[in-house]
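What follows is a pair of complexes built around chain A, which joins chain B in one and chain C in the other.
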Partner chain A sequence: MSHSFATKPVQSNMTTVKKVQNQSGDSMTSNSTRRRRWAMPVAAVAAFTALSSCAKDAPQDTWQPAGENARKINDLQIWPFGIAGIVLLIVTAVVGYSVFKFRDRGQAIPKQSHGKPALEIALTILPALILIGIGIPTVSTLFELAKTSDTECVVNVTGQQWWWEYDYPAQAGCGGIEKPIVTSGQLVIPAGQRVLLRIASRDVIHSYWIPKLNGKRDAVPGRVQTLRMQADQPGIYSGQCTEFCGLSHAYMRMEAVALDTAGFKTWVTNQLKPYTAPTAGTKSSEGEALFITNCTRCHQVNGILGSDGKEVIARPDKYVYAGVAPNLTALMTRTTFAGAAFDLQTAACKTKLWDTPSDQFTAAYLEGVTPQCLDTVQLREWLRNPTAKKPMYADPTKLATTGGKYRGMPNLGLTEDQIDKLVAYLTERK
Partner chain B sequence: MAISEPNPVPALAGSGSAYVTPSTSFGVFKRPVQSTGWRSWVFTVDHKKLGIMYGVVAMIFFIIGGVEALLIRLQLAAPNNKVLSAGAYNQMFTMHATTMVFLFVMPMAAAFANYLVPLQIGARDVAFPRLNAFGFWCFLFGGIFLNTSWFLGGAADSGWFAYAPNTALAFSPSHGVDFWALGLQITGIASLTGAINLIVTVLNMRAPGMSLMKMPIFTWMILVVQFLLLFAIPVITVALFLLSFQRNFGAAFFSVEKGADPLLWQHLFWIFGHPEVYILVLPSFGIVSEVLPVFSKKPLFGYKFVVFSGAAIGFLGWGVWAHHMFASGLGPVSVAVFSVATMAIALPTGVKIVNWTMTLWGGKLRFTTAMLFAVGLIIEFTIGGLSGVTHAVAPSDTQQTDTYYIVAHFHYVLFGGAVFGLFAGFYYWWPKMFAKMLNERLGKWNFWLMVVGMNLTFGPMHILGLQGQPRRMQVWTDFRAGEGFFNLAFWNRVASVGSFVLAIGVLMFLINVVYTTRTAGVAPADPWDARSLEWMTSSPPAEHNFDAIPTVHELDEFFHRKYEENEATGEIHQVSTYEEIMADEATRADKHIHLPSPSYWPIILALGLPLIAYGLIFARLLAVFGAVVVLLAMFGWSMEPSVADESDYDPPVDGGPTKELATLG
Partner chain C sequence: MFTTGSKLFIGASVVALASAIVYGTTQDNSTVGIIGLVSATIALVFLVGINLWVRDSNVSADDTAAADTAAATTATPPGSMWPLVAGLGAALLAVGLVVGRAITWMSIIVLIVAMVEWMVQSWSERASGDAAYNTMVRRRIMHPLELPVLGAIGLGIIIFSFSRIMLRLPAVAGAIAFSAVSSIVLLFGALLAAKRNVGRSLVATLCTIGAVGIIAAGVTSAVAGSREIVKHEVPSFEENTCGTETDGEADIHASRAVAAKSNLSATIVLSGGKLHAEVIGVIGAQDTVTLPRSGYSYVRFVNLDAEPRRLIADFGSEMVDVNGTAVETSFKTCTQAVGQDGAQFLVVHPVRPSNASEAPFTFNVPGVEGGVVTIVVP
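Right after this comes the complex of A and B.
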């Protein structure tokens, strides 16, 4: 029979099959339909399982921990999820049974019983015991997660509308950081080491969340709160601000990057490299001049020298409500900008980096944005009109309530030529 | 106070003529005593009319909130979508939540409470009828005021939780937050006055023989809710005042730069906000606890357990607020305490689910639409309750909070719980209120579309949240959507499609209402073979509810008058019909019934409040004018007797009904 189904068109074959079935009696027909009725869902489930097992889950999947803190949470949460599932099945089964069993078929009016206290008490004590069973590991886990004494180094993480700043104080931990580093967009940490994030905010409440590494912690202005971070393997882990923080909340993203120990050391060195001015007479050199006139009011590039030969120090506190703007010294060592919302590399390179196996990841990341991967489309759009790309409060006529200070980057009215030059300058910042 | 007076009011001994009240307002205006026409609604103090008005207005706000939800789902149907701008999106989810919580579920519960509580306890009205009217108008004007913000510079854009300091002028420069804060103050007055009114009514005005433990379960749940409101509303009132003063008068309650701690707002908001959850859901628990027994032909299983678990939820509900703040950095000790307390509240909630299920067990079940919604509630609410337990586990909550998993959770609780209960109530009490049966065939379409729609909409949100999609994001990106079975793109689309199925389900209800109003004949007076007192009178009830106040002997009094148990065989058999019981009651009809008379003052007083609020936002002079209106109305009200003088009534036309309103017999 299966043969005749497999054979292609053959009207005659089909008829033969029907005839054969008819001759061989009803039992066979019903058997085969029954089998096919089951085969479809089974095949569908199998296909689903196969599909979901080889497909990539969302990068913020809370069930795929990649570090010890997230793993502790995951080990704990499996139980309540499992128990909840069982309870739901039981309730559904009992309700479903009652619905079919006791529907009105003309039976007598049931006895007007007002309940069975023993059953009620039993069904109160049983869940109470289950909840105690969940409660004890809950409390112990949350104390473990709150521990900060065994962390090896510190990163200050500060939120503001709508990006995160990471500053690394000079410290001996995590391989040693000699001078403070200020960066944004991507949190870089050494894999396998316990890093303490000290989380704060400069304006409204934000929340720091890298699901594969740990649960979230709010960044509350006026407070410094701690969160442990540890990634087992080098790799890149995505996150998102999870406390509603105003207009561009959806564009306040983050990425945590874990590098192997040697790689982290290299990254630190790269961040602290002295400033290299562009060669005179190049587009990039003109871009530097433009950068000084247009951008250094808010954006710092460490070591950049003004025409007077002195280092130019940005004063974002004069222009921006939160008082800071991203430090662009090593822009091209990270692959995203403007709150990790936009890419500096092509989509193909981005996907490739995210899919790089952990043993090759450190080297791949440390290359930064390579010339082959560089994609300045989003950067140009941004420079052309930032608020069109990411909603912000930067219309100078509508800033009465902030005393004229911007929340976000204003439109600088740059010409295409100026944008070209600025891009040339910025893409050399590595 | 609407009470039956078997004897005329005794003259005040000795005081003689000193006891004088003007029968006309300010000695000029006649009382608006009309019993027909628009005046009979606008100036009414009848709890039934007010209940219906609460219901109609709440339904309109439900549609507005629903349209807002559909716009949100349209925006999220595709990555980087451009249906709504970031600003519009933020206003949309703020107003969706605000509308559904404060302008739909709470007032819809108030609609049922207003209409039914006096009937269920055998009273002729609530304790303070004019206050009741005032509450309704506050709700209506507050709701309209809130929604006018859309046209006056933009609605609130800081979320219904309005976390400081994001509500500060610097961060939310439009007037939206001012509208929000002042609008909720006005609707808060409605809740607070309503709470006091119903508490006094339930505690003082029950029919003879109705001890608290013989009180219908719906009334019990409403009583618990009123106590929750009584203590919760003042907290949000204080918080909103602090916020308004911060924004309008330069106060610094939440200004970090001046040394304030913004977590103060979160504590205030959630000390109100968590009891609020029970304020939203307990009325529906009460409704299904009425509906399930009627259509199972059995008493509610473990009535006392349901009562006490409701009260226990009412108490424990005050001790769990900080579970909304597990990620805010309270420290592990506080988090542990609130985590365990939150688990504890699962117990009384579980008791209810057990009792409803056991009510079905061994019953004689009739699957009317009301029953379907009630049974649907058991399952949908159980899903919401169980996902609640998973984030009572504080460490896993730090992964789940502010993601779509939470959105899934509370929509199962509030849609699967509160809204399903309200719909069960619509179908169950519609013949009581309008003497027409809602169409059952349309009703089943209504139910099944809503069940499918809600599970398609909110079910996928569990996946979205656990896959890491945060809430309140105007856009999501394909890059972070993943692939395969759990990919966010697919499930976002499913949720968006589901929301439209859900909307069609709700539309079915509206079609049913129109269809029924146009075509249905008069419904039987006791169509469901009901159990409680509200069915032991005509449908819709006369303005005075009962010709004779019934004397109560049993829980489920009406059922026990209709049926008796044969002690030998244990069989239940009918001993009398609705008509016989009513004929019996008619023989004891009260001769003098004084009902409170309609009044201008509640609506005028309520009208002054949005004037003050608009004034505070746009022109202080208007606020002064509003305050004058409020003061004059208060004065007029306080000088007005509860029952109008005979001279206020036009002479009866051919013995017409005008006068009989106030006095029967």
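Right after this comes the complex of A and C.
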């Protein structure tokens, strides 16, 4: 009853509250009002915190490890978080109690004392013991994460503004790769194998991070940093550059795709397939000619022949600050482009692929971008004006600081007809 | 009418104003200078006003009540070193104008310090009739300036002395000596903390002895000169250059540079007349190295054989347009000769893929049959 007595006037009219307080001198109403004033924000923060931890669509959630290395990090972080949480609660409770209990009420200043050796020693030793307790597994895990002697597959990862290049050296590892493979945007690895990424940069410092598979590793120009990567199951795992690297840092994304062993072999075979020229007289064939004229200065398509019958070798070092541009040989075997920032397939197909169970994922991914799933809208927008899609330093009048070289793809001024032809050619690159 | 103190500031105000007028009429783009000089004039006029207002704290001849309390009647100001310092500064300024800029700047700093200290001291000595109060006032004004500056200078001297000692002592002895010294300092601090009634004079004496000891050792070390510091290998940053093989043989102590050995693209080792590569993250000796295209890759060459050898990174040749003429240009980068157990860096920057060249890209050692490692640039 007292509750309704106290709250009703508040809901109806504040003046009534004041009257009640003034008339009766009862402080219950004001206390209740104060509590209600605090209750809502506290409840909102608590609810937000609780609900945010339940997010389902969180592809970069570090608390959902999907590989051996990420699991080690996760196992390591749970205990310190727990201990830190307990310490936080104890400290907060003690501080809160002290502040409330000994608040200034006009009382005399209590007798001052200096030092309590036993307590001080205890409070020095206890945190030291906690830190030692945390330190031992931490150092041990660091060594485990730095291990390279059990590598089964090596991939060189090189960052540049604003995309990642992956090159697979010829090796006996990864199930055997006969010739080097160069791709970008999506790192494809065999599931269950211990893959070692050798990470570097061509321009500024970047940082490679696929949260579900391992921690971060900086990509530093001139240095090779290693990062272990292993996915338990076939699937696709999202990541992004985590070192601010310039204008389009936010668009410098990456995806790790894990395929089963047989599927990975198929992927390797697909990447090394000889070049297939478009059928003469088709729109795609005209697109090939346009590609050679406009695009091969920077973009390599392995095996593409020039008018002299020799393979055209792209020379991005002459035009691009980083000295490279994405290799487009098997563009349609991956589902993204431009630094994994944009999709080559429809949203529905993308969702379907990401949600595909792991036992069916390899087959689904190896289908590549099927005609049913192909979404050329973003690709066309990109070809129409790349800098409108992704901010880049590609204004030819503002390249003095880079010696006239682009950082990103410039607007080539293509007509709609040329874009049609290029899209027809590119969508056959699989 | 004008007090002694105010005359100084009146004169300075007139000089500042005249300077502003002369400067403004004779110099182009003189806005900043004029602002500075007019600001100085305003500040000096303000000080004139204060001096006139307080009458230099002089006591009127008619004010008999103040006869016993006025500073001029009760205490003789102590001697001041600042005129001496200012004189030294002026002399240094003259010397500096002849000898060099460093002494000139030093003299200007000395003069500024001396002037400020002298002015404040003079003012404080006449602030009241109470000498103790005057001293306290001077300290209150000057200590916030003096203590941080003197502290920084003192610390700077000690740190500089410390660095001289470190440079003089052998590397291992330096580590041992300063571990011992820091332990003693820690022990001393712990003893002081435990025994709170230690006399201030004792602490001050010990600190002084320590500081003087460090400074003396620093001076001695500086005079004696630093120890011989081993020169580590110099990376070859120049692209496409292969100078004389024996130009500056690489340093045999190169292996001590831990940081330089880590995170390399490859280490190329010549051993028993054969060349192999050690690649970070790849197990075992390799005969092929993959290097990123258009990226700078750091490679370390280690020669374990008796003969001095050099490593050549050969990225083939291509026709290059030189002033409108196609000229075949080879792309090679080399180390200098490396003696037995020596090492040297090589920085390579291949811009073409290896499949663009008919001849394979290689690391090779001239004069060594088995000295080839293939380079793949995808």
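Simple rule for what comes next: the second predicted complex is superposed on the first by the 367 of 430 C-alpha atoms of A that agree within 3 Å, B and C clash if a C-alpha of one lies under 4 Å from a C-alpha of the other, contacts with A are read in each partner's own complex, and residues count from 1 in each chain.
Going forward, contacts are C-beta pairs under 8 Å (C-beta built on N, C-alpha and C of every residue); 3 or more make two chains touch, one makes a residue touch a chain.
Since this is a predicted model, take the numbers as computed values, not measurements.
K.L.:
Have a look at chain B and chain C on chain A after the superposition and call it: clash or fit.
P.N.:
Overlaying the two structures gives a clash between chain B and chain C.
K.L.:
Is A:A322 contacted by the first partner chain B, the second partner chain C, both or neither?
P.N.:
A:A322: touches chain C, not chain B.
K.L.:
Report for A:Y275: first if it touches chain B alone, second if chain C alone, otherwise both or neither.
P.N.:
Touch status of A:Y275: no partner.
K.L.:
Looking at the overlay, does A:P169 come into contact with chain B only (first), chain C only (second), both, or neither?
P.N.:
second
K.L.:
Using the superposition on chain A described above, determine whether A:G222 touches chain B (first), chain C (second), both, or neither.
P.N.:
In the superposed model, A:G222 contacts both chain B and chain C.
K.L.:
Touch check for A:S238: first (chain B), second (chain C), both, or neither?
P.N.:
first
K.L.:
Applying the touch criterion given at the start, work out whether A:L76 contacts chain B, chain C, both or neither, answering first, second, both or neither.
P.N.:
first
K.L.:
Name the residues of chain A shared by its contacts with chain B and its contacts with chain C.
P.N.:
220-223, 225
K.L.:
Residues of chain C touching chain A in their complex?
P.N.:
The contact residues of chain C facing chain A are 263-265, 280-283, 288, 290, 292-298, 347, 351-353, 355-356, 376, 378.
K.L.:
Quick check on the complex: what are the chain B residues that touch chain A?
P.N.:
85-87, 90, 157-159, 163, 165-166, 169-173, 256, 260-263, 296-305, 327-329, 331-332, 335-336, 339-340, 343-344, 346-347, 350-351, 353-355, 357-358, 360-367, 375, 378-379, 382-383, 386-387, 389-390, 392-403, 465-476, 479-488, 559, 563, 565, 570-573
K.L.:
Can you list the residues on chain A that touch chain B in the complex?
P.N.:
These residues of chain A touch chain B: 48, 51-63, 70, 72-73, 76-77, 80-81, 83-85, 87-88, 91-92, 94-95, 98-99, 102-104, 107-117, 119-120, 123-124, 127-128, 131, 134-135, 138-139, 141-143, 145-146, 161, 203-205, 207, 209, 211, 214-218, 220-223, 225, 238, 240-251, 321, 350, 391, 393, 398, 400-402, 407.
K.L.:
Which stretch or stretches of chain A touch chain C in the complex?
P.N.:
Interface residues on chain A, with respect to chain C: 148-149, 151, 154, 156, 158, 165, 167, 169-170, 180-182, 196, 198, 200-202, 220-226, 300, 311, 313, 315-317, 322-324.
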